[in-house]
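Naming follows writing order (A, B, C, D and E), and every chain is counted from residue 1.
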Amino acid sequence: MAIIKELVYLLVYPGMLFLFLYSTFCEWFDRKLYARLQNRIGPAYTGRFGILQPVADFFKLLFKEDIVPEKADRVIFSSLPVIGLATVVSAGLYLPLWNFDLRAPGFNSFQGDIIVVLYLLSLPTLILFLAGWHSTNFFSTLGGVRVLTMLFGYEVPLFLAVLSPAVVADSWRLAEIANFYQQFPFLLAFQIIGFFVAVVALQAKLERTPFDIPHAETEIVGGTFTEYSGKKLAFFRLMTDIEMVVGSGLMATVFMAGFSGSVLPSLLIFVLKTLIVISILSLIRATFSRIRVDQMVVFSWKYLTPLAVLQLLISIIVKGIIG
Amino acid sequence: MKLKLGVFIPELLRHLFKRPSTVSYPFEKLNLPKDFRGTPVLRPELCIVCKSCVRDCPAFAIEIETLSEEEKKYRMTIHNDRCIHCAQCVESCPTGALYMNDEYEIATDSRRKLKIEYIYTRPKKAAQKHSEK
Amino acid sequence: MMDQTELIEKIRAHPGQELIEISSPRERRIFVSVKPENLIKTIRLLKDDFGFYHVSTISGVDKISCFEILYHLASRSASLTVRVEIDRNNPEVQSICGVIPGAILYEREIQDMFGIKIINIPDPRPLVLPDDWPENNYPLRKDWSFQPPEEKIPGEKE
Amino acid sequence: MKRITIPIGPQHPALKEPISLRMTIEGEVIKDADVRLGYNHRGIEKLAESKTYIQNIYLMERICGICSHSHTTCYVQGVEALCELEVPRRGLFIRALVCELERIHSHYLWLGVAAHEAGFDSLFMYTWRDREVVMDLLEIISGNRVHYAINTIGGVRRDLNEIQKEKILEGVEFLKKRMEYYTNLGTTEPSFVGRVSGVGILPEEKAMALCAVGPTLRASRIASDIRKDDPYGAYGEFPFEVCTADTCDVLGRVVVRVKETIESLNIVEYIIRNLPEGEIKVKAPRRIKEGEVVSRYEAPRGENIHYIKSNGTDKPERLKVRAPTLANYPATIEMLKNGFVADIPLIFAAIDPCICCAERFVEIIDERKGSRGIMTMAEIKRKFKKPEIKKDFVWPL
Amino acid sequence: MIERLIKWSRIRSPWILHLNTGACNACDIEIVDALTPRFDVERFGILLKASPRHADVIVCTGPATRQMKDRVIRLYQQTPDPKFVVAVGACAMSGCVYRGAYNVIGGIDQVIPVDVYVPGCPPRPDAIIDGVVKLLKKLENL
């Protein structure tokens, strides 16, 4: 029985299938919102309101010819998308979505899982770098280098910002943090700065405008993806989408008190809260122009990191007062 | 110049709740302005085969072949795949035998379908004078 | 701003000019003819003393008997064309990039299109013609002509 | 750091200016740049010698799809000067009207493209949405959105009526409001300004020495504008100002163009309110008298110059065209040096080389010939069987 | 079943690569125009892609010039199968006013196979959309 439950957990909800469907929905939501912000319609005729558009994109790419550049290392080049997909899906499994018993943690909930999720979310970045590097195309290589440069910029503020709620909650377990803030929602008010920093850093992690530097179309064509086609591109796109879902799920867990209740209500709350985060991400995408990579690094060290440190200080003070 | 963070946000949000400015083409056709330059069409009954149009067409899109000298039978081919819709032929034609209609959605999968042929005999002088009035 | 007749008088009166002819067919347009060996000197003089600092373009005409190269200079008040005629059998002319660096692209173009050798050009590579262009074909010479290939329309009956 | 040379382009949409830039870079910094044209070269100058003066109007129009009216105007002006035709004033006014509308559409387009190059897609979408208004105006005047074909030797081909005039005034009103908004937006939005200010510096002396033209020149403090310096057509009569900026960078070029658009909108308004009555064209001879002429015109991107030499037949002996973008390349190369890779499209777009598709081309040069593909979907392949690629096409030379 | 899924996804998500082979720019502008709010081809799932590796449909403008010829072929080969070509404008169909110029082949179909021709000089953005819709119809019946 437990095995079946775990299999369902892995494969259906909130594992593969759910993450796939929900991430395509999120991509659609993001694209549609972005289009509406720009006074256009966006995808409209694929399924109702174009809701199946990302699914169609995915399947189309899946059934397309798949070209491996001659000079590229075939094994690495082909395995990277799959590894990337696996890391984000496993990161998704740690979101406290279904069977989180605070007293008897299961295989996917333990002290320190927040760190594991953060690390699993860093992996796709490295994979993108490797993908760019191994494409041996100039534009991809440049894209890969930019991925890495950006990583040094946003990773520190992201970690600091995400960890500061954990400091207040005095736990390294996602389910416990969420539970803590469900009991004391007013404490979330002290995490506003952290939330802002984390969302901006998440935007950078997802490589979306203004931080879409590694695949800036007008500068370096497709950046890291330039040489990828067919299935591999499909997996990469799916990876980015799932990363977006998991990232915003993480934000929702630590900054918005998570998702309580049984399967259905928790699912609804999850959808609601992640969509709020994704809307913010879309709005940021529509508001700014792309910045240069040096500006990005300066920005994150000059503004984001100090803000994140400030947030950490506030958290420690709050902790001291309530503790 | 002072920089303001997020000056664009009000405009963006305002448009979020407005109707998008997208037209629903191809389900609804767009209005064309009067005198839109669409595709050139020949009225064979008016053509006196002076070949002004052939001479002035910048894209060599009009060809006139003589099928039979005695019968005064001619074939005019308008190559819509070459035509640049400039309406110079309409202007050059002394009898008004050519005119532009307002068709522009004539995409096809074969260039042959874009070639339009007219086979006609040259009208008698009188008939043609008549139609000029 | 000087009016062109005044300008012509001034140029004519300038010491050291060696013009063959100077005329002004219409308002704000001046045509000057010089010998090829005096080209650089004239252009420098026009630039330094009369403010013709801008090269609009350089064009060439194949006159069958010779090549004519026209340097279209401009100042804020007039457009001046310097005309040199060079031998068709030995087409050579000095580069004016030393005087006006902006002329480089036009000189390369002239080189491509007429096969005129530009002496001392800083960058002699071809500019407009394709990489696989056969040598000694200069499209703008009058004795060069081109027969377009026959067009095969896919799906057309052969 | 290692120096590498990368190809940007090989092909750029403008007719005279298809381009391949070779950048030598160190890390993200450009050390050297070089230009190679010819991808778009079609041999128009040679072709023009075999076409009649009337056919050449349409050929000139198709030198470029953005300043199509500039080329025809420049050309017909020259031909009219050759055969000493006096164009009626109404004709000149309508010509100038289309010129200014074209300038407006071109600058709107440019603003969008610059924003797009900077990754600012929302601004791109908004400006292009508003550009549709100008396109509609041009379409009701001329019957086509882009190649207006309104010029003919001796005047213009279409007249304006009252309804059209009213529509134009309405459009101008709207566009002015929008342009003011974009002026405000473009100069205060931090991420955009951060991208454009201080980028692609072109000092005054260099701009002069390298013969830059148009807004690129004007953004380097030089108030040179053919419409003022060498008034053609009816431009002597219109009140307008030459806009300049003194920052010498991409931001300056943005400012110059934005200001110019507003000036142009004012000119359009002036033309509509003061449109003289009368004929719109005079009859032109087919054969043009022998002679030569230099015709200059201020296109949206700078000075456009045609040199026409006639020999008394109905075909020109020589027709030389110098479009403005070409004149700006030496300056662009100067601007690119020591910039960042990320700035290439912006600097390049700043001279407005009709870049709108400049980077779409970006050919991913994959020098390893014939990169192999794995045929996983053999079936599909068969299904979508295609005729052979004609690789053996031989050039008859 | 799979067949239908493939066909459905292919029709619903044609990504285009815009390739200028020597056009005068007007066609290119009109293609870009089709992306902007008034026409917004994203409604059909059409996205403009910068890399040929990602594209399904190559939208060609301009008469193939001599210098571009090899590059057109290479780009065509780099595009993964199945791929389609749309020729936009008189230039890409037949060479337009440049017919007979020494550097022009005249029509992109002289170099690579073309699926749909969109006449116009330049075609209006809605005519381009019409051309793409006709291409999709053609795919449906394949």
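Observations on the model:
Definition applied: contacts are C-beta pairs under 8 Å (C-beta built on N, C-alpha and C of every residue); 3 or more make two chains touch, one makes a residue touch a chain.
Note that this is a predicted model, so its numbers are computed, not measured.
Separation of chain B from chain E in touch steps, taking the shortest path, is 1. More C-beta pairs touch across the D-E interface than across any other pair of chains.
Each chain gets a centre from the mean of its Cα atoms; for chain C and chain D, those two points are 23 Å apart.
In this assembly, the C-alpha centroid of chain A lies 42 Å from the C-alpha centroid of chain D.
The centroid of the Cα atoms in chain A and the matching centroid in chain C are 60 Å apart. Within chain A, the positions touching two or more other chains are listed as 35, 37-41, 63-67, 217-218, 221, 226-227, 230, 286-288.
Of all residues in chain C, those touching 2 or more other chains are 129-131, 139, 146, 148-149, 153-154, listed in ascending order. Multi-chain contact residues of chain B, defined as those touching 2 or more other chains: 8, 12, 20-22, 58-59, 84-86, 110-111.
Taken in their complex, chain D has these residues touching chain E: 10-15, 18, 38-44, 46-47, 50, 55, 58-59, 62-66, 68, 109, 112, 124-126, 128-129, 132, 135, 145-147, 354, 356-357, 359-364, 366, 370-371, 373, 377, 380-381, 383-384, 386-387, 389-391, 393, 395, 397.
By the touch rule above, chain D contacts chain A in their complex via residues 4, 6, 28, 115-123, 125-126, 129, 189, 191-192, 194-195, 340-345, 359, 362, 364, 366, 368, 371-377, 380-381.
Across the interface of their complex, chain E is touched by residues 31, 35, 38-46, 50, 52-53, 55-60, 62-67, 217-218, 221-222, 225-230, 233 of chain A. Across the complex, chain B meets chain D through its residues 1-5, 7-8, 11-12, 21, 33-37, 55-59, 84-88, 91.
Considering their complex, residues 51-52, 54-59, 61-62, 122-123, 126, 129, 136, 139-140, 143-144, 147, 149, 152, 157-158, 181, 184-185, 187-190, 193 of chain D touch chain B.
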